[in-house]
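Heads up, the next two complexes both have chain A, just with different partners, chain B and then chain C.
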Partner chain A sequence: MTGAVPPRSWASRLFEPRRLGRQAPATRVLVYAGLLFWTFVVLFPFYWLLVTSLKLPIHVADGPNYLPFVDFTPSPHAWHYIFVEIGRDTFRPYLNSVIIAGASTALAVVVGSMAAYALARIDYRPKLGTIGLFVVALAAVVVAVIAFGVPWQLAAVAGIAVFVFLARALAGRFRRSVGNGDILFWIISQRILPPVVAAIPIYVMFQQLGLLDTHLALILTYMTVNLPIVVWLMYDFFASIPTDLEESAQIDGASRYRIFFDVVLPLAKPGLAATSLLVLVLAWNEYLLALFLSTVDAQTMPLLVSAQNATRGPQWWYMSVLIVIMILPVTAVAVALQKFIARGLLIGAVKG
Partner chain B sequence: MRIRLDRLSKSFGAVQVLHELSMTVEPGEFLVLLGPSGCGKTTALRMIAGLETASGGRIFIGERDVTDVLPKYRDVAMVFQSNALYPHKTVAQNIAYPLVLRKTPAAERDRAVREVARQVQLDALLDRYPRQLSGGQRQRVALARAMVRRPAAFLMDEPLSNLDAKLRVHMRSELKHMQHELGVTTVYVTHDQIEAMTLAHRVAILNQGRIQQLGTPREIYNDPENLFVAGFVGSPPMNFLEGAMRNGAFAGPGFGLNTPAAAHAGAAVMGVRPEDCRTVAAGQGRIEAEIYATELTGDHTLVTCRIGEQFAVVKMDKNYEQAIGTPVGIDFDVDHAFFFDAASQGRIRMPTTPAPQSA
Partner chain C sequence: MTNTTGSEWLDRQARWVFLMPTVLIILTFSIFPLLVSAYLSLSRFKFVRGGFELRYIGFRNYEKLLFGSEQYHFLGKFAAMGVWHGLLLGGLLLAFGYWLWRYLRGGGAGVVGLLGRLIFMALALGLVALASVTLAPGGALGSLMVTLFYVIVGCSAQFLAGLGLALLCAQPVVGRTFFRVVFFLPLMVTPVGIAYTFRMLADMTKGPFAPVWAAFGLGDFAWASDAWSARLVVVIGDSWQWIPFIFIVMLAAIENQPRDQVEAAELDGAGPWRVFRDVTWPAIAPVAATVMLIRVIEAFKIIDLPNVLTNGGPGIATESMTLHAFIAWRTLNLGGSAAVSYMLLFVAIILCVSFFNLVVLRYREHGR
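This part shows the complex of A and B:
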């Protein structure tokens, strides 16, 4: 629709897209200089890594030299060490990282986007009283286990039973309820505290379960930690899909699942791609929780990198090699997903 | 198929949007729901489609009570106010989707898609995506998607809004022809009275969730039930003069005229359409007035006259010319004047008012 054009502030004009070719030469030079500078800022660390991975310790100690063959003679010694001398100890964490980051990302994206879709389309009205009841039951279980030495399995089952019974008996009495917005805020609030505050309880939990230093422990932990991010991001994507599209499909005879797979998912592809990438990178680079939960068998790449800064001081050359091979798969995934992270997929759905 | 609404009500929380809506749409009928923005037209249509639950009352399609039936089992086709095309599907895939869901064999489906695309002149665009289409083309895709199967009813929510004036006129006649050909019961929602008058077999006028009048376009125009209908239908709108009715006469500040004997006494409003009035020399009309402004609109002139503190518009010939401030008389046939009770807004029927002519 063409309405009256609202007056634009200088600030909004500043951010309007403009064609570079139409600008004055001086402006163009400035713009290109700025772009070149930023490209340099972004790419220099990569260059530093590559160059450092080819240096001998003595070259590193020499100070900031960046030109191979001019400032120093490149040597593959670090690559040789990482790939041949400790090859098996490099390969295992690498595979661990791939499995753990991949599986936790897949789970978080699948579970999280289904939760987000439900939150975007269905009105939930959980009763405050029921939530309070759950908290009380949980507290009772904890007290029973810690103070009275009740076996935790027994306490958990009893607690759930009591909660379900009371919730069903009292549900009609509760009046005040919360809505989807509150649920969403609660979910994202799980990320307000850094996950590491829960590291020790998580450690104890997996210790009790006998799952320390396993893939499963890290996959579950990363999935849980990343779920709020997926829900939060995907909620916005699903909410931006006009409900008219789904209702139209509904009238034409599509079931809920049919609508989700035929209409919603194809339109949420850019969101799914971007979210998966973000979550993958977070899981791939995670260090602190991995430090708690893995020692040898489930050790991930960030731990291996930091292990190069052990008793003999930082081994920059080994670290550089490890980081270079760590960057590669994520970059490949980013490039592969790039084409999905296109904008404007919804153009043409509804009249504007 | 016949659609019957029986005292249908809808509330969103504490706000009641529809109040006991009752009407019957006959098989094959083109019924237009006409009303100002926000009066509940879309809500009523969505309830027939099953997208909103009824707060009260029943909905019947054919003989079947569908009040609690899911949309997919109601067998209706709907054109949304916002087209609602699937942006990731081509035009052909969009149109075919209802048939895909019905597991129609591919060959039959292709034939149906091509046939309906031809009807709405989209055959050349079947491989495009909605984003590559103009507003009018998108609207036609939405229509084609509804037409591709033979539903029990078409539900259309302002399908022609957002088209430019010329295309709208064209699509209006296409739509009317198509509905006539298919003979499918249609409920059509619009706020545009011209659309309603030209398309409808019957018009239901809705205001604030209540049906004000249900009748043929002619009945609505010639015999409005109340002040709202009288003022809503007609362009330029009907003139209203406030006054009081007493002993067979209607008088207001600055004018007075005899009316056929009516039992009514008290505050009243007289309505008379601009095209039923003419200006005459001062002293010779029913009401004395003074010219306030004249506007040439092309094929006629709209003359705004001042009567005391009130105004009335008279539709005159395109060659009409008078200086502003000239005293004139306004003349009209009393049979063409409508009287309404100022308090209830209802029509005051005159004994001699001719029975509404049927269409």
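This part shows the complex of A and C:
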């Protein structure tokens, strides 16, 4: 793409392929066959969901019925059941999902972008010894709380006090330090951690704090599991933005916060859009941690969907309605952000 | 600017204000639980009057998984070792030896690199040995091998399909934007939803493809009661969701490569395969390696699909390690659950870090 070519309209780009007619007819047939085949593979499950949501139990039990009005008479009974009869029980998990996915995404993107920006622009040289000391102090707190029954508040305060005291006393002795790359790798490596490893302790932790089955518990947990992705993708985005604008803003006397929020973030919009969408989808669809941390009040949509499998066997028609209404909002966001997704993800993948 | 000193102080603290929230959150909700989990995996959980009791039992939980009563569940059932297994392992050992020798001779070998390679080789040898004795007739896969099956077979299939679709979509075709949007959709669906949808679709008698199965005489075949067909359905569901992710990134990478190189190669009379091998692939390989790393990291955590599609069955044939740990947790075997999670953590970290160091970094260096 050279700058001299005038931008073509969306429609002309759609219907005026590059290098029109350069391919042999046989190749073209194969290419279109492949694309249409995959379109079918992708769209058919959606179609089947939609059709099933309009079926009566008898239509499902009767064997394959494909076309509404031809093979069977569609009935809105499942939609009526989900929206009217148990309307409140549908609405609450839906609202929970919106709140939890939205809040955790917003928090993860803001907090993660700040860290990514800091790592891309500021030099950090934490001492290796201090970090080791911290891990030892943390492990001591864990052992004291679990094995010796020390109250966790006391253990935490004591741990912090000992750590601060020793870190100050020994500060001069530590020589080796780690750099930004190591911190970045540490943060990203958290993503390898399978959530099931942390699930039980997180469950116990929130139980101790009385936060089990609340929005806050799920928001905090989702934010944590998604932070590494945000830092990973946004770091590369910030690293690819030239620094001149920030430098001139700094000369004008703007604070680092002003620079970040008013100068840098607007430039990073494509990255923010792609990252937010990815994190939003992950939080919206998350199942395992929700299973651990919520029962009734904070129940999210994936749990409601799997609950339709409960006592009377799978209720395919209700399930289909729920899945359809779960897919709609994220799909709308995805189509709206389509333009940014590829670019945003690509930058993360190229530089990693 | 009334409070100059205050805001100046705040500005000087910016380096910590920016980074510390992330570090503290990860420490609280990731590192701290990790340490607690490590302790849990070394203890036995029991309900006693008025609460529960955790007793330190050393590595007993791990011992149970690797050698004891849970071995069939975690590692699988072993068939007898045959000559073939010996030959396979011997060959692999020789290959590793040669690879190590080349690394040491090549210069630039460091202690960390050597150690990392040795750990990777030990794990790889162990896993190949495990695969050969559990895949042989008379053996059965445990949750470790099932997880690796999902990761290796699933991710390879997804990569090939995603790359193939990206190459098709990069052709000058009418309606590219349409295909691009449509192909992206499955990524939006919750895995639980996918699992139920595929249960409907895979129904041999009531599903949409029932006539097809009947035509092939498979009408009364129950995929859920056969270990391999059940695993295959799980992989198909997982692939349907994740092919779009690889597709969208690879498509962006292909479109990002300079057109003139491709056109120059075509002018020189190179066929499409030559163009792909010599021009396109070297340009997109770094992206391919990274996107595979992301995919593999996520693939190790698979739980929703096997849990909903097959409930881990038949028997334990489709149980991934995360599902294994979850089931242990549900039966209040907290120590066993933590031990399984830790084994998953070890395997995932060693394989992902090896993949990063041996594949991703190499391609990136070539790319520059």
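Annotations for the structure displayed:
By definition in this document, the second predicted complex is superposed on the first by the 294 of 352 C-alpha atoms of A that agree within 3 Å, B and C clash if a C-alpha of one lies under 4 Å from a C-alpha of the other, contacts with A are read in each partner's own complex, and residues count from 1 in each chain.
As a working rule, a contact is a pair of C-beta atoms (placed from the backbone, for glycine too) under 8 Å apart; a residue touches a chain by one contact, two chains touch by 3 or more.
Just so it is clear, the model here is predicted, and its values are computed rather than measured.
When both complexes are overlaid on chain A, the residue A:Phe237 reaches neither chain B nor chain C. Once chain A of one complex is fitted onto chain A of the other, the partner contacts of A:Pro266 are limited to chain B, with no touch recorded for chain C.
Residue contacts after overlaying the shared chain place A:Tyr318 against neither chain B nor chain C.
Look at A:Phe72: by the touch rule set out above, it reaches neither chain B nor chain C. Once the two structures are superposed, chain B and chain C can be ranked by residues of chain A touched, with C on top.
In the superposed model, A:Gln250 makes contact with chain B only, not with chain C. Chain A uses residues 255, 345-346, 348-350 to touch chain B in one structure and chain C in the other. Chain C meets chain A in the complex at residues 7, 10-11, 14-15, 17-19, 21-23, 25-37, 39-40, 43, 54, 56, 164-165, 168-169, 171-194, 196-201, 205-211, 240, 244, 248-249, 251-253, 256, 286-287, 290-291, 293-294, 297, 300-301, 303-304, 308, 321-322, 325-326, 329, 334, 337-338, 341-342, 344-345, 348-349, 352-353, 360, 364. Here chain B touches chain A in the complex through residues 49-51, 70-72, 74, 76-78, 80-88, 97-98, 101-102, 129-133, 135, 138-139, 145, 162, going by the rule given at the top.
If you check the complex, the residues on chain A that touch chain B are 1, 242, 244-245, 247-255, 258, 262-263, 266-267, 344-351. Across the interface of their complex, chain C is touched by residues 10, 13-15, 17-20, 22-23, 31-32, 34-35, 38-39, 41-46, 48-49, 52, 60-64, 66, 111-112, 114-115, 117-119, 122, 124, 135, 138-139, 142-143, 146-147, 183, 187, 189-202, 204-205, 220-221, 223-224, 227-228, 231, 255-257, 260, 281, 284-285, 287-288, 291, 301-302, 305-306, 309, 314, 316, 319, 322-323, 326-327, 330-331, 334-335, 338, 341-343, 345-346, 348-350, 352 of chain A.
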